[in-house]
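The two complexes that follow have chain A in common; it is paired with chain B in the first and with chain C in the second.
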Partner chain A sequence: MTFRRQALVILRRDLRIEGRTGEALLITLPFGLAALFLIPLALPLDTALLSRIGPGMFWAVTLLFGMFITFRQSAGESPAQHEQLRMLGVDPAARYTGRVIASTLLLIVFELVLAPTTILLFAPEPLDGWLWIVPLGVLVAIGLALIGTLVSDMTASLRGRSTLAPLLVAPLSIPLLVPAAQGLESIRTNNGILVPAMFMVLVVLALAVIGVMTAQPLEETT
Partner chain B sequence: MPHIEILGASVRFGLVPILSNISLTLEPGEVAWLRGPNGAGKSTFLRLMAGLIRPFAGQALMFGETPGPSTRKRTGLVAHHPALYEELTLEENLTFFADLTATRHIRVDEALEAVGLAGARSRKARDSSEGMRRRADLARLLLTDHDLLLLDEAHSGLDRQAGGLVEALVERTIGRGGACVLVSHATEITFATRVVELNEGSLL
Partner chain C sequence: MKLRFALLGLATVGIAYGFSWALRMPADAVQGESARIISVHVPTAWLAFLAFGLTAVFGLAWLATKRSKLDHLAAASAEIGVLFTALALVTGMIWGKVTWGIAWDWGDARLASTAMMFFVYLGYLALRRATPDATQRARRSAILGAVGALQVPLVYFSVNIWRTLHQTQSVRPDGASMPTETLISMLVNLGAFTLLYLALLAWRTDQLRIEETYLAETSLAPNAGAAVIPPKLQPGS
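Right after this comes the complex of A and B.
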């Protein structure tokens, strides 16, 4: 049983369960949309200001609610189920990878629903190179999925897990969100997106390596 | 070579002692009936034997090796609660485990048939009775061959007819030169070759 096949089996399981329960996405999505809707109401009526902060609000809501998607994904596996995977000899790194891919796909769907809502509510300035937002969004989704799944594994056996996990995800996401915001600004000012995008790629690669390499030791300690 | 060799093992969760100075050897062909009062540490002892937890003192070997992925793969474990995914059907649950062990899907059909769940294959685990879930969990053991069976309250929820499934599984494993440990509150297990009494984390 290859690493790739094990990861695909785990991915299929997670997506099938999510497709039937909608727990991660259908519960989180309304809250994300509500947050986007309420923010403009809390600010002075200044369309120029809303236009400037719109992209930042998109990333902030993606982070805040995106982390819950990854946690709910991870919480879907009980200790007994996890132990059965260990008994079957499932590579912890393959299990990690399958869960990350599932969370990434859900986060991309989350972003795809949030994006038009953000445009509608905040009316950000039209961007010439708007297509560059797509790779930025994908990189944010992958990075959040990597961070969320890693933090979920790190805190699996801790009592204060539900409090500690979000507190860990937020600062770890900064190296992703800052260049994502800078990337949008670069598009707006026609300054080229290469530097922030490459930085994000490096961050995602580093997170992927850390996640895969720590999967086995983390499993042995829980 | 013994399938299980535990020497002076102690297990604790945090500072709470669960098992103290346990020693046990299980040879091929043996069926050990592990019994004791609630909270004696039986399930923890089973997980120690499965290699899922390590003792903080003493030694635990499986098939002559330190427990790890290769020894766990040779072991079939039925835990106290069935490890089924609630939103998947009974068939999908077994197919999931079959896919992870590169088992042909035909064996899923055979396994469901063998435990009397062929007609309920499309029922979700959460919509199934406790007895059906337990049968499905036992069916999982039919997908691959094991050298060691660890069964924690495997009879729980089963009717008298289905209770014979447990004995059939044990006989199948013993017939291949394997060994088995059962945790059970039953009053009698005729096919057990020895009884192991556990109380307050210590063997009597």
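Right after this comes the complex of A and C.
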């Protein structure tokens, strides 16, 4: 079986499991939405302030809650499943790629629901080039999926995983959060998103190379 | 052991000499006396970069050779790096408070990215503590060390990439934009802190080796209650 086919099989498996369990879209997504509702309650009643911080809240909630999509339990493999994949000769890099693509797709759905909710709740000022948010959102989803899947494998079977994994992902995702926020600001000021988007592409490429290269040694930890 | 004490002694003398130069440098026209903190702030930040860079190098070397000493070196380097990062952050905040009027400015990309690097390596140390098996610990932390090292160039170039309050690099290949006394005190302290780093690295690496040997031996020993045989209940008794 080719690398591409192996990755596609893993991707299909992950999406099918998600379809059955609904862990990402029926549990994590409402959790993220609840966070968007909670934030204005913790702030003074100032519509202008909420309108100003809305886009930032969107990215913060995407990163902080989206990471749980990449750690979802339903995407994890039991030692027996893992052994079986290994015996079948599944390339660890293909396994990693398939899982990253599955998480990316789920994160994009997550963002697609969060974005209109943010607009409704925070009423940010309308943007002329709002379509440019799409590539930024996709890059954030890919980057977060790459980091989250890597950390998920790194912390597999550890006792403190549920707290350790977010501690690792949160600071590592800063190179995605900062340019994403700057990109939105650039759209608002009509400065173009080329610089932040290119920076994010570089970060995503570096993460992809590290993820694929470390898939083999990480497989030996599980 | 003699070499380590020699390194520590040289580091102490070097730091004292570096401070004497820091006291000799003229007060800055804008920042006043607070500018002297640069003689500690910049070397600690550079040492943090060096320590984290070497953590990645030792980790990757472990992946290639599986020699446990390399894993101990990587862990020790990360611990010392965290210490130097904390020092760089604290001295930077003191400087910021005096110069900008606030200790923490969110507009300062260098400050925020350094804090994030600090958290990445706190996570690195947490990952090590959470992994009981020595080989698994070495493997996982080697990979995280490699990913975490991506933050080092990001922090260094953050002042060029993002709009920031922090000044850009003062020492560049084309020269240094500071008085000679300041440059000397900074470079002397850089050398002294490097010696301190080497001494601490040697000590901590040994401690980690002893700790791992002790844990391996004690985990093989029978548990305290192993000699006690629980009573067996007979059916019908």
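The definition used in the following text is that the second predicted complex is superposed on the first by the 216 of 222 C-alpha atoms of A that agree within 3 Å, B and C clash if a C-alpha of one lies under 4 Å from a C-alpha of the other, contacts with A are read in each partner's own complex, and residues count from 1 in each chain.
One rule holds in what follows: a contact is a pair of C-beta atoms (placed from the backbone, for glycine too) under 8 Å apart; a residue touches a chain by one contact, two chains touch by 3 or more.
Fair warning: this is a prediction, and the values are worked out from it, not measured in the lab.
Using the contact criterion defined above for the overlaid structures, shared-chain residue A:P175 touches chain C, although it does not reach chain B. Look at A:I210: by the touch rule set out above, it reaches chain C but stays clear of chain B. By the document's definition of touching, of the two partners only chain B reaches A:L88; chain C does not. Using the contact criterion defined above for the overlaid structures, shared-chain residue A:R16 touches chain B, although it does not reach chain C. Residue by residue along chain A, chain B and chain C are tallied for touches, and C comes out ahead. When the shared chain is aligned, chain B comes close enough to touch A:A80, but chain C does not. Within chain A, not a single residue is touched by chain B in the first complex and by chain C in the second. Residues 1, 5-6, 9, 13, 16-17, 20-21, 78, 80-81, 83-90 of chain A touch chain B in their complex.
Touching chain C in their complex are the following residues of chain A: 147, 150, 154-155, 158-161, 164, 167-168, 170-172, 174-175, 178, 182, 199, 203, 206-207, 210, 214, 217-218, 220-221.
Contact residues on chain C toward chain A in their complex (touch as defined above): 63, 109, 112-113, 116-117, 119-120, 122-123, 126-127, 130-131, 136, 139-140, 142-144, 146-148, 150-151, 154, 161-162.
Only residues 47, 50, 52, 69-70, 72-73, 75-77, 79-83, 85, 87-88, 92, 96-97, 99-102 of chain B touch chain A when the two sit together in their complex.
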